[in-house]
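Take a look at the structures below.
Here come two complexes built around subunit A, the first alongside subunit B, the second alongside subunit C.
For the complex of A and B:
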């Protein structure tokens, strides 16, 4: 009496689901084609078809690199590292209070202070450091200082966001244990909250410092000092052999900073 | 009496120091201090220029309080249109290219030569910032959003392929084993054992990248790759801080909306 029929083949989805899925993909493709058309309204295709030749041309101009340009890049390199380090440091001073105001368990007021802190975090995060640099060069003038402040403004949101998430995840039991000894508010902060977030804090700092090194190498493009300034100068006079040297130096700097930050984070955690 | 006094416990407790070896600790502190002093000393600040610039700063803050959307609305619209279409197109193309590269860069399913090639592509794409890539692409393809599209696609590949490869390497091996036991070939393993495990995260990462690409599209315009960055740069060059503030406010709003909606979609997917 076994009249239960089983399907011979197995299907992941029902026919209706399959159809809907295809419809979704179709919509995505149509949307992409639409965007592509709108984007290329003003594209001059003659330039585009010329691109391989241009690439070859630039490539042939970039070698051999002009190595005797390297010594004069050491000062901008020092500036770049200073921008990243001092910018990170400046960001930490501003980000820590913002993070404590944004975390639900340490904020003085959920209704008034927390939204302001979150707004600071969002605005700082959505504006790239190059745009910050563009603004600050106009306001405080070209130079290393504008770079430092740009990096700092960009980093506040990043550091504060990660830090406030770390603060919200702390173990409440330890806070209670310390407060049970009769500790004051400041002592609870010092002995129960801070030790729990310190490893996260150090990790975030080093991580951001690594990103900042990367970003500070190009801040000079808008006049904020460092290696980017030399890059801009070389590009303006089409000195491609110098551009190659700068690219190689940037690459090495980025790789070294990545290695350092990986080592330090490994040692902390 | 004297015997009990001998076992005297410390009355106070101090925290263990950050670095155990005292000389190393002090050397680190001293090194950091010296570096700080030297690097702060090397920063040259033209205080007169800063003082003169302050009233520009005030004007900029005023611009933020009273942003001017109307007088450059046409330019802003064109810039936004370029930025948004560039973002969508580059994310789609970047994802399409990064999927095969990501699969190739996963050590558990790709043979060594392919693994090495794909990892090299990822390293190449990740080591240069978008802005430098944009400079090169603008030189090759001419000014305009196509160069920006190329830049963002290139950057997307490094980001997405790396994370996808790590995801594939972290999959639950027993499911792949079960599919393999049915006699499935390589394509079938990828399709039935790996794809279902990594798909939700791949979609989440693609949405995240969409977000990043929009933010970046606001920057690469500075070097001529089209988009809202070009409009912003022009506004700054003309000292029209109220228009610049309007553009920045629009960027922040779009980023916030993108972040919020992508979080919503990711929650819905899981």
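For the complex of A and C:
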């Protein structure tokens, strides 16, 4: 049709970009090699070469499990589940308002309220629940209460963050439609916002509960109640067969909680 | 009934969506608002109930100046203005009945609406409207279980549940196939006739507008460039509204038989893609 000549070559990146990309990768590899060097400087190779024997040794002491220890674990197991569940519930009560204050489309003020909400989220997320527990055991004393509050504090950030992202992604037209009927702010929340975030909310809650079951099994290590407390005791007296029983129990608990959370999420979404 | 005086809207980005638009809608009159994408059709009807705040100009609904209203006054005025949307804008996870009853929210206190305890008259009216739009069998289904045409019928019932004095209708058929589009347009026009209800209908399908509407307003770059009856829409006028194009097929088909007029353009499919994107995103949450 026409005599126009068309190029036969096409590149996604210019030659300069290509070169920079390769240099970047090179720097990354060099950095990795450097880090490896630093790490190995502080390794005592005698211990490392000894590792398989040590592992075998501990392994042999761990079997057979001391099954008659199991009945006395039932109460701490109950504590662990209670810590996770109550901690999650407590977190929800605080996370929901924080999420609404953090979401750009529902916050009362982007300039003043939103940064505060984001700060709460970040500080809650940046501290591991084990460290929260360490602090809280010192403040409110050892026991289940410290565990519950530690789990709750760590969960606020997680739940609020995921929830506020869900709120920001709602369909604005549905909100527009309900406001166009002359509905009040509270009614718009109830009819247009809540129905849209409910599945996300339920999913997040169950997911966090599942994580909290796992986290609460170790909180006892710092004195915050539950299975971890028994784990700590057994480790201190080198009662390896008891440790095995605890590990098996934790494994089963986590499996069950994961199964429950998968079922619930499937039913809702 | 509705009067716009020198209405202008400049968005925060500096885009001039509307420039000095003045028009009035007589009681019982149904107006088709046509124009290319971005001409300001959606902005215009959203200014009427102030989902978009006009930059300048005045809007009167009867004797009430909507542009001067406070928050509370605006809520009361919005109760009198029903709105129907392009993507239906139903709350997907609520039932058909809840969606229709949400048209009554402006008249019901928070706790009554929270526990879904609406007055008997409102419920009776909702059943009557659902029967009128042919959805009696779907009252307790969730809105996302319905087809496009059925969803738009719910949208119509919700707007009518407000018992409005005016309907604002934004591209009611853009997401529907040609047959359903015609059924929905016919239903809207019939209902407006029954109730003597004035309406502004945004519509990008010229043939559809000509078939169902008695007065057409053409918008081009935020200005009214045409206001007249569908018969006056000839090639010259269409060129003035949309720009240079071969209009002979569009016009002839309408003269012969409106039912056969094809869905013309890329605009529709673009809107489709945008809608699809939105639905995909919504699925992620």
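Assume the second predicted complex is superposed on the first by the 237 of 269 C-alpha atoms of A that agree within 3 Å, B and C clash if a C-alpha of one lies under 4 Å from a C-alpha of the other, contacts with A are read in each partner's own complex, and residues count from 1 in each chain.
Here is the rule we go by: contacts are C-beta pairs under 8 Å (C-beta built on N, C-alpha and C of every residue); 3 or more make two chains touch, one makes a residue touch a chain.
Fair warning: this is a prediction, and the values are worked out from it, not measured in the lab.
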| item | value |
| --- | --- |
| Partner chain(s) touched by A:166 [first = subunit B, second = subunit C, both, neither] | second |
| Touched partner set for A:141, first subunit B, second subunit C, both or neither | first |
| Subunit B versus subunit C as contact partner of A:192, first or second or both or neither | second |
| A:207 touches, of subunit B and subunit C: first, second, both or neither? | neither |
| Touched partner set for A:176, first subunit B, second subunit C, both or neither | second |
| Touch count on subunit A, higher of subunit B and subunit C | B |
| Touched partner set for A:184, first subunit B, second subunit C, both or neither | second |
| Overlap of the subunit B and subunit C footprints on subunit A, listed as residue numbers | 195 |
| Subunit C residues touching subunit A - in the complex, by the definition given at the top | 49, 51, 75-79, 81, 83, 85, 87, 89-94, 98, 102-107, 110, 113-114, 155, 158, 162, 278, 281-282, 284-285 |
| Complex contact set, residues of subunit B against subunit A | 15, 35-36, 39-40, 42-46, 49-50, 52-54, 56-57, 60, 81-82, 84-86, 88-89, 92, 127-129, 131-132, 135-136, 139-142, 144-146, 149, 215-216, 218-219, 222-223, 229, 232-233, 236, 239, 244, 248, 251-252, 255-256 |
| Residues of subunit A that touch subunit B when the two form their complex | 28, 31-32, 35-36, 38-40, 42-44, 47-48, 51, 54-55, 58, 78-79, 81-82, 85-86, 89, 122-123, 125-128, 130-131, 134-135, 138-141, 143-145, 148, 195, 214-215, 217-218, 221-222, 231, 235, 247, 250-251, 254-255 |
| For the subunit A and subunit C complex, residues of the former touching the latter | 166, 169-171, 173-174, 176-184, 186-187, 190-192, 195-200 |
